[in-house]
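Once you've had a glance at the structure underneath, I'll fire off some questions.
Just so it is clear, A, B, C and D label the chains in written order, and each chain counts residues from 1 on its own.
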Amino acid sequence: MSTNAREESLAYYQRVRNYTQALCEPLETEDFIPQPEPFVSPAKWHLGHTSWFFEQFILRRFSPAYKVYHEDFSFLFNSYYNQMGKRILRVNRGNMSRPAVAQVFDYRGYVDEAMTRLLESDLATAEVLELVTLGINHEQQHQELLITDMKYILGHQPLFPVYRDGYRLVDGTAQHSDWLSFEEGIAEIGYSGKGFSYDNESKRHKVYLSGYAIQNALVSNKEFMEFIEDGGYQNPVLWLDEGWTWVNDQKVQAPLYWHQVDGVWKYYTLSGLETVQPNEPVCHVSHYEAWAYAEWRGLRLPTEFEWEQAAEKINWGDRWEWTDSAYLPYPGFRKPEGAVGEYNGKFMVNQKVLRGASRATSPGHSRKTYRNFFQSKHQWQCTGIRLAKTL
Amino acid sequence: MSTNAREESLAYYQRVRNYTQALCEPLETEDFIPQPEPFVSPAKWHLGHTSWFFEQFILRRFSPAYKVYHEDFSFLFNSYYNQMGKRILRVNRGNMSRPAVAQVFDYRGYVDEAMTRLLESDLATAEVLELVTLGINHEQQHQELLITDMKYILGHQPLFPVYRDGYRLVDGTAQHSDWLSFEEGIAEIGYSGKGFSYDNESKRHKVYLSGYAIQNALVSNKEFMEFIEDGGYQNPVLWLDEGWTWVNDQKVQAPLYWHQVDGVWKYYTLSGLETVQPNEPVCHVSHYEAWAYAEWRGLRLPTEFEWEQAAEKINWGDRWEWTDSAYLPYPGFRKPEGAVGEYNGKFMVNQKVLRGASRATSPGHSRKTYRNFFQSKHQWQCTGIRLAKTL
Amino acid sequence: MSTNAREESLAYYQRVRNYTQALCEPLETEDFIPQPEPFVSPAKWHLGHTSWFFEQFILRRFSPAYKVYHEDFSFLFNSYYNQMGKRILRVNRGNMSRPAVAQVFDYRGYVDEAMTRLLESDLATAEVLELVTLGINHEQQHQELLITDMKYILGHQPLFPVYRDGYRLVDGTAQHSDWLSFEEGIAEIGYSGKGFSYDNESKRHKVYLSGYAIQNALVSNKEFMEFIEDGGYQNPVLWLDEGWTWVNDQKVQAPLYWHQVDGVWKYYTLSGLETVQPNEPVCHVSHYEAWAYAEWRGLRLPTEFEWEQAAEKINWGDRWEWTDSAYLPYPGFRKPEGAVGEYNGKFMVNQKVLRGASRATSPGHSRKTYRNFFQSKHQWQCTGIRLAKTL
Amino acid sequence: MSTNAREESLAYYQRVRNYTQALCEPLETEDFIPQPEPFVSPAKWHLGHTSWFFEQFILRRFSPAYKVYHEDFSFLFNSYYNQMGKRILRVNRGNMSRPAVAQVFDYRGYVDEAMTRLLESDLATAEVLELVTLGINHEQQHQELLITDMKYILGHQPLFPVYRDGYRLVDGTAQHSDWLSFEEGIAEIGYSGKGFSYDNESKRHKVYLSGYAIQNALVSNKEFMEFIEDGGYQNPVLWLDEGWTWVNDQKVQAPLYWHQVDGVWKYYTLSGLETVQPNEPVCHVSHYEAWAYAEWRGLRLPTEFEWEQAAEKINWGDRWEWTDSAYLPYPGFRKPEGAVGEYNGKFMVNQKVLRGASRATSPGHSRKTYRNFFQSKHQWQCTGIRLAKTL
């Protein structure tokens, strides 16, 4: 590759890697360890896993002189790549006090040094640079998870520890909500540019959409409180059958992190426990809650195709927005060969697509064709609600 | 309504109600009771529930002289209608030895008599006839469940009891499999006729389809055995992530009812344990297995829209066929008002659409726009596999 | 053996076998099937299992001409004898509709005929007669379980079916409660007679007892209601740690079968739902509840040794009485060789001894050295409370 | 109290408190956090809880000037004292990264300072000194748990971290095993001295013992390996019914921490993974395993009374030794008033008594009347096997 391309890649690599470490600065050593739920990963694990990704998919394959940092780290920091050998059970990530945090940072440094040498050498072919870009995007995904996982870890402790004073994931100012209408017809969906995109955004294809309208603004805390006050969480008619089971089994009565203290709604933020701000877009709701809220309003969630078509005209980027689309392959999707093929395709069942991005999304890691996906029950990402209706 | 319409409705009602009882003839009294898994219902429950449907939604509302058979039966035989009051937990259906089977048949007779009187009277308005049609279709759905539930109940007993000699759900003759190709373009999807259809088949709308090919024939037992022999159940790369967890947690190694006896594959049929017939379409596979099989072949499952477009040109009706489409509302879907609105809409999450019909489907209860749906894990319906590919 | 001994054995055998069938007379065919909880067995299973016991341990071994009724019945009706080959999982007993009830009665008849022939022949040696006695006692134990299991099965149905009008397990008249005192010293514990007793009652041995007093009468419903009204179920200080977990996990608020209807305590009896009789001894309490009640009174449960010493002087036979003794072997206990050795010894951990007998105990199946045992959590036997204190 | 008594108490207090901190020296900050199983507590929790004990039961009550360190610590570090208010769920102890380890040490220092001031003042009455003694003994119990919990935490990590080179809990040299016989008769059981003892060791009372023999030495690793090689873990006849379920559910095949590597038995020790030493007493076996081993030998475990009588004549102190006695109150036992009453009494059900002490037991924290107790399934304490037989 051209020296220029390598230099750009290296600079990008370093910027993103440094950002990960910057996110960890406010943490105590102890904070890197716990895993209160299987879907949450400890900060230490994110640090190790993102480094392992570069070691496993790039350094081991393209850097002949590279000496693996520690043979057991593959086992410790592999996430779900079945083709990459054994891995510790996901539920056990929080039980590993060793390697110590300092050693994981040492591992990062070791990988960074090797990556730097590689990216400064002729071995950095186009294939390598492409994998580096994938690794960087992978790390950016984990940056977002790192923040939301840390919020979960800190936010479930009795002392409600502050991550960083003034740090907020849920900022947002009041927006006037308008309906934007779209006429029936064919839309082009999927990524078409030249930059990086995930395999699940391809290939670009036509979708026929009935006429619909979509709201310019997200649902606010104030609006969601009205749903609560109207008994929304107690009315089975508003809920998907699965959602109703979830509400009752989990005893859900409000978005995640909300606590009613002396009749006032408070929520945990990364700067501590605060009074819920009515004009902010509601955050930390499950797809079940988003669906029920829409039902209560006599409206519905948009499909991911409606969202993508409307993206140019709406404000987005504050919340990941639940769509009612199932996470499925686009026509002609084929997962890549090899372990990288396990990245997206095997999760294409029983998950919902989210569109947009959130305040926890890393800079530069969003675009209108980006397809995020989670199971309907999850609340711990910065998820919000946008409403739509069929015309 | 015209006398003619009433007479037709009554005749249809009686034919379907009698068919339910005919299905029960081979059963011992004891067979009506067990519920080995929550997703299976006892025969007694199906008998009571289908009668309750007519009592609850028609007789109580439109027949002023009607005297409810037994006040507690609402509680016992309500399935999932949250608006209709309390109901016993689904998992407890198999613990109810009372009312005795004879009493449930008495209840059926009582309801039938009242329905006959109603349908012979002026009270049988168009609204009533419409609800009768819904009740009949509802009963036909339960007829199919009754057969497949009884297969599950009998097929999980050490004595492998025979339901009826010669009765087979899995008949099928060898078919030569060809590819049928369809060009990219707009298809019309959803019900458009004048007869009965469910709310989830409406409204008819346009869908844009990329070019694809679909197989004329279903995957056969012989073909599926090759997947087994090739280690398909042991290869994580072929499976959806959820499917791989399911295979390992449930220790699945073959379709439901298959037993390897001295190296030969046998399966339980309603006429007893028999040797697997290689040319029959494979039956009793989960969506996970169907998906993995397609992946192993380098192909995929069709979407429900592809299936519906191709339906005129393919042989169908032997198996319910898994599609890779998620069960979601068509554009403009609104669930009906009242408890009948709980029929379909609230299940539109995390289920897969099946298209076609099976050997257990009641006569007259199939059409190309019919959307059946189950969770990906279920094997106990007569489910099969049809393959497709993007062109 | 002497003809006389054989005749007596046969007469006893027939009397007990007939009694089992008499207990089943009020049941509908359907009632023989359900198993709502793993610790409850269906009536059909009790019928088959007690017959299997005679077939397995006597007819197969001592009756050369005996032809096994059905090879699969060993598998179906073995309970927990690991040495006797495979057995169906206990939790699946309620899923077996076949063999039908009539066939199980046929099996009983077949075994009875063969047993009669054996007991009328020279093959009926002393060893055989001893095993017959064991089999009879075994059947008597299952008679009691059959009654209490049927109460559980019928008593957990919304229709509260009547087993037999006027049939009561919980009769009892008011007794004036007095303290009986016993001085410190050595007591002889264990069976010493010549009749039948279980291995766990032997060998007779000395136990040193501190001085204690024990109540002549059992705790009544009225007394227990005072505990409820005083918040006994809400006060952690009164409970064993395990018991407190049990109360909260199971949401226990009263003895089993008690229902508060419009402020009045009702209970399910085998003759239907009735108002709780205040003067009857309380019934269907767990060991945890018995212990907590005693704690609330500032007293304690007796040990099984205190109970046995006092047995001559107290009224007993209405309830199985919880002691605070753990079920453990007497000094010198050795389990018998062979599968019969699995009868008692292997359960000698984490169970509590109950002493006495109940209204559901078969005639002739009680004695003061009899050691019944259940886990602390169980309420479904006719269990009661007697109080003691250390002097 | 006399100045002397206060000075002694303070010196003892300081010695024990310092010992706790010495035990923590080899740990990394990260090691203080994880809780891999509910029965294991993080080191941080032990540090906080033992300090809380002094704060809660002594400083708050007897030191008027004492200012509570942090109001929320009661909630965080209460273990099971229901009377002391809310407490975090036991399973969540490992999710608390805050307070940070340094703050917990600060809390310890704060409490120590206040305790020192109190013990140097006139407020240190006899009642206070008695509670201090209880607190010290409580802390010693937690010292042992801290070691065995850390072994569990470190020993379940893929890197098998070393706690301290050369540190061993399982030392032991070969002993020749002899039978010591005791004649039938009355023994005096329970504490009778003037020093500290727990309420469960009182009151001293007479027990009648049949003649028995007990082995001088513990069962060795070599002997236990013979049991493994003889298929002991695969033979249901050797096991208690509950034990057999445990073996199969947990897939137990050897004592805890044993790993078969290339045909050689290794075990994790606090100084790393090592080859099992044949002559050491076997360690980390459950009561179920101890019982099965004894059964395999045709012998049995001693009762706690036999053990106590024999204690003068046997070597003990290497392992906590499983007895077959259930943990039950001695005659006349009454739990103390107040929260301290929750110390022992409420656990007196479904646990087994262990006698002796182990290499992890703190200096001075053992005596022949000491009654330790655990559920039958636990292996993570330094538990061993001594055999007995009835004469």
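The rule is short, and it goes like this: a residue touches a chain if its C-beta (ideal position, glycine included) is under 8 Å from a C-beta of that chain, and two chains touch if they have at least 3 such contacts.
In UniProt terms, the chains line up like this: A, B, C, D = Ergothioneine biosynthesis protein EgtB.
Because the structure is a prediction, the values reported are computed rather than measured.
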| item | value |
| --- | --- |
| Neighbouring chains shared between chain A and chain D, ordered by label | none |
| Approximate Å spacing (C-alpha centroids) for the pair chain B, chain C | 45 |
| Chain C-chain D separation of Cα centroids, rounded to whole Å | 37 |
| Euclidean distance of C-alpha centroids - chain A vs chain C, Å | 58 |
| Contact graph of the chains (line, ring, star, complete, other) | ring |
| Touching pairs among all chains present in the structure | A-B, A-D, B-C, C-D |
| Chain A-touching residues of chain D, taken from the complex the two chains share | 28-36, 44, 72, 75-76, 88, 92, 94-101, 153-154, 156-159, 161 |
| Residues of chain B touching chain A in the complex | 80, 82-83, 184, 186, 205-210, 212, 236-237, 239-244, 287, 291, 300, 324-326, 328-329, 331-332, 341-342, 346-350, 352, 376, 390 |
